[in-house]
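In what follows, structures are represented as structure tokens.
Shared between the two complexes below is chain A, which pairs with chain B and chain C, respectively.
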Partner chain A sequence: MNMRKYTPVFGLIAVIIIFQLVTTAIGREFYLTQLTMSAYYCLVILGLTVLMGYAGQISMGHAAFFAMGGYTTAVLTTCNLMNVKESLFVKLLGTSGLTIMEKNAYGAEILHLSPWISLFAAVFVTAAVAFLIGIPILKLKGHYLAMATLGFGIIVYRIVLGTRLFGEADGISDIPPFKIAGSLAVSGDPAFRVQNYYIAAFLVVAGVILLMNLIDSRVGRALRSIHGSEEAANAMGVNTARYKLFVFVLSAVFACIAGVFLTHFNGGIGPSEADVMKSVTYVAIVAVGGMANLWGALVMGMTLNYLSLRGYFGSFDEFVFGSILIFIMLFFPEGLLKMGNFRNLARGLARLKNKYSADKKEG
Partner chain B sequence: MSFEQLLQYVLSGITNGSIYAIVAIGFNIIYNTTGIINFAQGEFLMLGGMTAISLSAFLPLPLAILAAVIITSFIGALIDFIFIRRLRSPSVLNMIIVTIGLSITIREIALHVWDEKVRSLPYFTGNEITSINILGAYISPQVLWVLGISSVIVVCLGGFFKFTLTGRSMRACASNITAARLCGINTKNMVTISFMLSAAIGALAGCVISPITQTQYDCGTSLAIKGFTVAILGGLGNSTGAVIGGIIIGLLEAFSISVLPLAYKDAIAIAILLVILFVRPSGILGKKEAAALKEF
Partner chain C sequence: MSFLEVRNMCRSFGGLRAVDGVSFAVVKNAIKAVIGPNGAGKTTLFNLIAGSLEPDSGEVRIDGKNIYNLPPYRIARNGISRTFQNIKLFSHLTVLENVMIGRHIRSRSGFIPAMLHLPRSRREERDIRERSMEILELMDIGDLADRDAMSLPFGKQRILEIARALATEPSLLLLDEPAAGLNLYETAQVSEMITGIRERGITVLVIEHDMSLVMNISDEIVVLSSGRKIAEGVPTEIQKNDEVIRVYLGEDDA
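Right, the complex of A and B next:
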């Protein structure tokens, strides 16, 4: 194994641990809540980075996949099975430990599905939808692709907003915690704050390692050849349609998993998660991160999501993301965190310094 | 369904359709000269409507609308000067992202300049309850204004592109920008003019529909998406196609209400858009070969 490649990953893990220790040390552990949420959003962004940056396919509808994950788990785990308790299927699930009996706030007993089932169901549904919609959508390019994915996002948003099952404008709340193993659970309870931070961080690190290896593999090279020129890649015998579809489904699954976990963490989900503006935000962050740059996307995703969630942008939240899009595309189409920019900055500073010292000599 | 009811649906479909057609024409004008789909097109309608509403407080209505159209077209020119001209070696992806960014930014600025309240211009003739009886169906006189002004816009644009030098230069840019430049056409200025024209048309449309649909800081987006659907349906860049496509989508939407819940109405146009994109991206009137030549 090439350890050198993983140096940044160890750095990332170190930073994650330092963050936790510092926030605990200064008694500001509540910062971890937003960091956890940002980490889940980063998972969406990482998937989208591979799709946009490496395969060169824009998606303006990733919030829809996130919402699919969130809503699938929300519907399945809040659905009370008490009435069908005696049916064979439910009993079978019960004996395999896949249902959970609880008392609700009024003391009535409720029986609901284990989040493990809903996690797999959500991944399955999202992957299937992404696969089916990806076949025709990925034949499109440029504006058409952007508009088609945007359209898909809007349809999902409208369905969520207009369907009784999904709670219409209210969304779904009272979602039970996701008990992973033992006392490890994804839940918004302040007592679980630190462990939830590490669960989210674990998912992000796992996602990064997976995508790093994907990019360095045969698939990654094929993707970059598609970004360079799809015709040329095709002519060289790369099955471009298959690779594009694969990455599209993979990034959709990333978004879906993020949706499932964040929904259990928040204990609820609302239609705003499926909003087009969310998709645009994801695209904005991928663009700021430098498109084909996992680390840039991660750093920018954490920073911007964290600032946005802590409410630093106030009522200018959407404005900030809109201007980021324009600013980056006009001045840094390669992304902010490119070494070239730092080099230019250093060169500019050196020139200023030289000029200053020259002026001093003359003076 | 009785005849009167049918007629009522048809009239409402045509009204909405003609609004979509105007938005689509706005898309086409910019697309033809630059190859850009201006995702901020819907915001021109909102800006036009909002400006006219604010100005109508102290100006007579026609003057307020005129001023709103002029102001919005200047904003269109500004967008080109500040943003579009600066794009270095723009790829399609970059242009999409910039115009989406513009759309969000304009919307948010409007939110802070005005507020989140729903406003509207007064009815051009009569008021909310004035109605005209046409063969048993009742329509507001404003609907006639919408239909009238959209027809005037379509006819005038047709004349402009056919008979004036500027219009013909713009068409030259549309068919081949390099060749147009070689013929001595200042293509950059043509792009500015196309932004101004498209903003002005958008603003005018925004004013005319304001009494019926009302204006709010975020009303542009859904109009832009429907307008884009119509533009694709009619074949990008094809204005006659836009009118036909607009009426088709308008009618489909109007009749969909009698079958599907109202909440899904907005999803109809988009579902149609997806189907067209999958089946025939060149549109009903667009030529396949012409579409293949365009850069995508």
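Right, the complex of A and C next:
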């Protein structure tokens, strides 16, 4: 019985493998690069789906959490520790294997922190910020929460854009690969393309499984009850403030991890990742996916991000996502990938066909 | 020996004293009714006891324990459960899942065990499901378990709300107009249900407008008018109380 719940996960794994085999077979392995990037963006979207679709709390600032992950790892892994090489702390890190010595393009030796440290630092920083910001703003509901999270997103974007440490408008580049184990590394090097595709896919599958379990549990039910009626949830003994805060932090951490990995994959990060428009895009994709629908979010997240990254929307990218949001809210508030929609479509087509054949008979 | 003690409860909205120094007590395992004309402050009083509204002043004790001004979720953990006058079921959840939320305070798994689907949380989940199903069967709506809660007819929604409240295993149940909008047959069912709940050792405080229901089931009645308590006693006393007759039927000058 338990395994049946995971059947779609096996389907997902099969699709992931088929994609790789097909692209390799037809000599289009470079498609995997954008698929990898889309997969990381999907992690953000999955976390946001649980926050928005299940717990009913909107966040218009999730790009900020993604950027926090990306920038934290970018700063920590590019900062040269050569000057403080002899300090006790750095030495201690060195003997624990948590620093990396490399030569830069000019042959000078540089010493930087291992991405493992920056990953944990990023998760810690993001969780702490989400926690602190969440306490006051999650008291707000609906439009007010949307506005508060939007404001938070704008602040982070401006900080990123205006701070020397974060490279201002240029962002941070030359970020070293994230060596996970042995020859496994998160890196944009074409030689690592296939394994990076699988690293990203692994994170997505793991994320889906964790969130599926969460939704289908005591905690998940409590989150959904908050969406249904916060007052009643409270009266049933659910500490709604705490659950809202925890799910907010959880979704922020998902965005942060995506930010860390994608930054190492891309080898750089720029302020556009913190842009408010990014947050709107994430919200739009969660909406198209059907809000309370992990699979819908995943399918739409992969498709739309892939099309966007391959440049199919050209310079109309923001136009496309904005329009999607309006269109979905107007016509499919329950999302596009809902069985009812397909049924309606089928019914509509059947009606057209009947009408057509009736017309033909008369004619 | 009083189980629930409410002393000097006050709450104003702007200039309106919605609940004005109300005191009363409920004996363990009794059914007590709160009645009064519309706007008398009955639901406000309920919200103050259950913590969904902050009192201006007063005192509430359950089983000797002070629960004044605690947040609602902590009051629920002290064994008080409630239903709402305008039904507040969880939309997008099934009938069974609604009752399962009632088991929330009787279970513990947090975020991490839930995400990792640990054996402990799996076992707990099975218990929650079985226990909730039992409650649905008890309330005779077991066959509706997988229906969307909001798709139920009104009468069944009321029963489901009571089932959800019972799932928390309360020692005190607050029912806010459980028979409102129900037909005679359904009202009789609710009446039977409330006495059944008392037989399980639960103390019941009920707001109700249906006088025959109130007179039939309650051991004692509190009457509120304009935020004040105007009478308290057994049903036969209340029926004869001049003040109560006056607020219900109006002044007779003749």
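Criterion: the second predicted complex is superposed on the first by the 351 of 363 C-alpha atoms of A that agree within 3 Å, B and C clash if a C-alpha of one lies under 4 Å from a C-alpha of the other, contacts with A are read in each partner's own complex, and residues count from 1 in each chain.
Convention: contacts are C-beta pairs under 8 Å (C-beta built on N, C-alpha and C of every residue); 3 or more make two chains touch, one makes a residue touch a chain.
Because the structure is predicted, anything quoted here is derived from the model rather than measured.
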(Q) Between chain B and chain C, whom does A:Ala292 touch in the aligned arrangement: first, second, both, or neither? (A) second
Q.
Under the stated touch criterion, which partner chain does A:Phe152 make contact with: chain B (first), chain C (second), both, or neither?
A. first
Q) For chain A, which side has the bigger count of touched residues, chain B or chain C? A) B
Q: With the two complexes superposed on chain A, say which partner A:Gly220 touches: chain B (first), chain C (second), both, or neither.
A: second
Q. Touch check for A:Leu309: first (chain B), second (chain C), both, or neither?
A. neither
Q. With the two structures laid over each other on chain A, which partner does A:Cys79 touch: chain B (first), chain C (second), both, or neither?
A. neither
Q) Looking at the overlay, what does A:Asn234 touch: chain B (first), chain C (second), both, or neither? A) second
(Q) Quick check on the output: what are the common chain A residues between the chain B footprint and the chain C footprint? (A) none
**Q.** Residue numbers on chain A that touch chain B, as the complex places them
**A.** 52, 56, 58, 60, 136-137, 139-144, 146-148, 150-152, 154-155, 158-159, 161-162, 276-277, 280, 283-284, 287, 315-316, 318-319, 321-326, 328-330, 333
Q) Across the complex, what residues on chain A touch chain C? A) 210-211, 213-214, 217-222, 224-225, 227-229, 231-240, 246, 250, 292
Q: Sort out for me which residues of chain B touch chain A in the complex.
A: 37, 83, 86-88, 92-94, 96-98, 100-105, 107-109, 111-112, 221, 225, 228, 232, 261, 263-264, 266-267, 270-271, 273-274, 277-278, 281, 295-296
Q | Residues on chain C engaged by chain A in the complex (per definition of touch) | A | 50, 52, 71-73, 76-77, 81-82, 84, 88-93, 97, 100-105, 107, 109-111, 114-117, 121, 124-125, 128, 164-165, 168
